[in-house]
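Supplied in structure tokens, the structure appears directly below.
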Amino acid sequence: MTKNRLEAFSDGVIAVIITIMVLELKAPEGAGVDALRPLAPAFLTYVLSFVFLGIYWNNHHHMLHATDRINGKVLWANLHLLFWLSLVPFVTGWMGENHFAAVPTAVYGVVLLMAAVAFTILTKLLVAEQGPGSRLAEALGPDTKSKVSLALYACAIPLAFANRWIADALYVSVALIWLVPDPRIESRLKR
Amino acid sequence: MTKNRLEAFSDGVIAVIITIMVLELKAPEGAGVDALRPLAPAFLTYVLSFVFLGIYWNNHHHMLHATDRINGKVLWANLHLLFWLSLVPFVTGWMGENHFAAVPTAVYGVVLLMAAVAFTILTKLLVAEQGPGSRLAEALGPDTKSKVSLALYACAIPLAFANRWIADALYVSVALIWLVPDPRIESRLKR
Amino acid sequence: MTKNRLEAFSDGVIAVIITIMVLELKAPEGAGVDALRPLAPAFLTYVLSFVFLGIYWNNHHHMLHATDRINGKVLWANLHLLFWLSLVPFVTGWMGENHFAAVPTAVYGVVLLMAAVAFTILTKLLVAEQGPGSRLAEALGPDTKSKVSLALYACAIPLAFANRWIADALYVSVALIWLVPDPRIESRLKR
Amino acid sequence: MTKNRLEAFSDGVIAVIITIMVLELKAPEGAGVDALRPLAPAFLTYVLSFVFLGIYWNNHHHMLHATDRINGKVLWANLHLLFWLSLVPFVTGWMGENHFAAVPTAVYGVVLLMAAVAFTILTKLLVAEQGPGSRLAEALGPDTKSKVSLALYACAIPLAFANRWIADALYVSVALIWLVPDPRIESRLKR
């Protein structure tokens, strides 16, 4: 079974998700700078979600690049991941419209956590299919970044009810962990 | 005639269909957990439709993987399938908003039935083009799952008017037949 | 210059156009069969536009299949075609909501006519690039179907103001010319 | 690292962006020619944005065609470009609905400027990866068109507050620079 259509379909779904999110940014009524101000929370949420989807696409790209064989379980694990990613526009819109209120912020974290869990399952199935000592297993290493991300999401969800800004700061931290390719941070995380 | 563009176009259309369905999940007005509760039927319908579209994509993927040649009729049979699939977001939204009322539930079944009929036609045309004894004909076997699915949809549509929950249970059963890859179920169905 | 990305981009754009049209079919308020009845004109227009976009995708597929080389002008001629096709959801929605009123019916015809003109320009540029006696020039032949389609669109637009059903019948006729692969009709048209 | 998926994902995102813009063109209430008139500014903005996205797709196509190797930074620079392009439907809708008012016109220019900056960064990273004397560096030459475009955008933004028609004229000029392939203009710009 070849991976080409899996990549093409995932590219298509992520491309649509990352783009229809912008439909949540509704053109404001007025034509002045003031009309843009109420959009600031929605815009910031859009940027954050765009970065998360970009990280997923990047990681998906790298992981499948190092993959030689797929199987039927991988197809479903991939659809499971795309399911949680497909909810990102919904939670982005809800959190943005409600200016980072507690419940939408926690639900946003639940969707991010479930997407990260789905990605972990997909990784495990792909590594199992390639076999031990494969190029993919070697490229992933201990995969500390993924474990740290899962832990940070799991902390952020209850913290959203205590102080939502802590939860938002944790989401931004996860994004930065993946964005900043500082090798010292990476090696420190790996230890 | 090569199958690459047929696959790419179908991937694109199914990717858009599976993703724009989420636009039917409108971000609720309030910011509390209560605001999410009325969305439950719409969310459950979304999950069901996502799984059905995932099954179609998986089966389409497998079928074309075993296909060597296509022809002009296949292109139109494929567009016919995509037409019925394109109506899934509409019936998903209608059934979800009306909390599984009888008529929307029946119409949902009609679209699923027509998509299954369209898939059967596509299968027949592909098998005819590959010739008897082809890799595709062998891979499909007696194709009992498809026949059972068609029968269950045909039963569910009138039953929606008697008791809509029976119809919904039948839809979920069809999804489970395709999702659960238990070889005993498969071999029992084949007998 | 290779044609792969031209095909991939066109597949993507046509896949999105053919799918977002369904967003014009808004889920009705009520949950009865009566609630569906007012949607009939919008649904019929959707079917017609789906068939037209399917015909364009099919012809685009066949034409580029027989193409070996493209150039910068071809890229723009292709974008010009995609521009007119991108207006199909707008005119489909307008004609459907207004139950085939005269002006929306005429404007629908203008968009179809311009798309056909854009396809003719793209064809001419591709044939010029492949050179005389090419596989593409031979496959196209006198291209009578395209000329008849252009003529029927040009007639339908003014006729929409006299009797809109004549215009609609002409649109359906053009669709049938391309859908029905009767070799006798084809050879009669070619003479 | 291969460039295929980068191209496929970018094609997908640009295809969705260029197409969902048409959702901003809402089907008017009435069925007469008068009903179309208020849509004229939105339609003109749509045409302008379609041309800009077409230019970006064309240039992206040409640039990656001359590219042999990509790296992780290129993936992010590409996502950065797609981010700014994804805002085009939003600013197109805002400018169109407000009939080219000063602030929306300036914000439209900001998005175009940032997309042009993002494209310049992507170009620099790709040239650096291919090395000096590469096919890509040669194909780009002094890249005067890009520099002139950046300068015109930077002028148009403040000028939108003095006279918005000057800003709009500058946007159209940039589009024409890229559309018209007159070799004399090109060679004059290169000197």
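Here are some notes:
In this document, chain identifiers A, B, C and D correspond to the written order of the chains, with residue numbering beginning at 1 in each.
We take it that a residue touches a chain if its C-beta (ideal position, glycine included) is under 8 Å from a C-beta of that chain, and two chains touch if they have at least 3 such contacts.
Since we're looking at a predicted model, the values are computed, not measured.
Although chain C and chain D carry the same sequence, what matters here is overlap: shared residue numbers make up under half of all numbers found at their interface. A rotation of 90 degrees, rounded to the nearest 5, superposes the Cα atoms of chain B on chain C. Set against the C-alpha centre of chain B, every other chain centre is closer than that of D.
Spacing of chain A relative to chain B, judged by their CA centroids, is 27 angstrom. Put simply, the C-alpha centre of chain B and that of chain D have 38 angstrom between them.
Counting partner chains per residue, chain A shows two or more touched chains at residues 8, 12, 15-16, 20, 23.
Contact residues on chain C toward chain B in their complex (touch as defined above): 7-8, 11-12, 14-16, 18-23, 25, 27-28, 31-33, 35-36, 47, 50, 54, 57-58, 61, 65, 179, 181.
Looking at the complex, you find that chain C touches chain D at residues 1-2, 5-6, 8-9, 12-13, 15-17, 20, 23-24, 72, 75-76, 79, 82-83, 86-87, 89-90, 93-94, 97-98, 101-104, 107.
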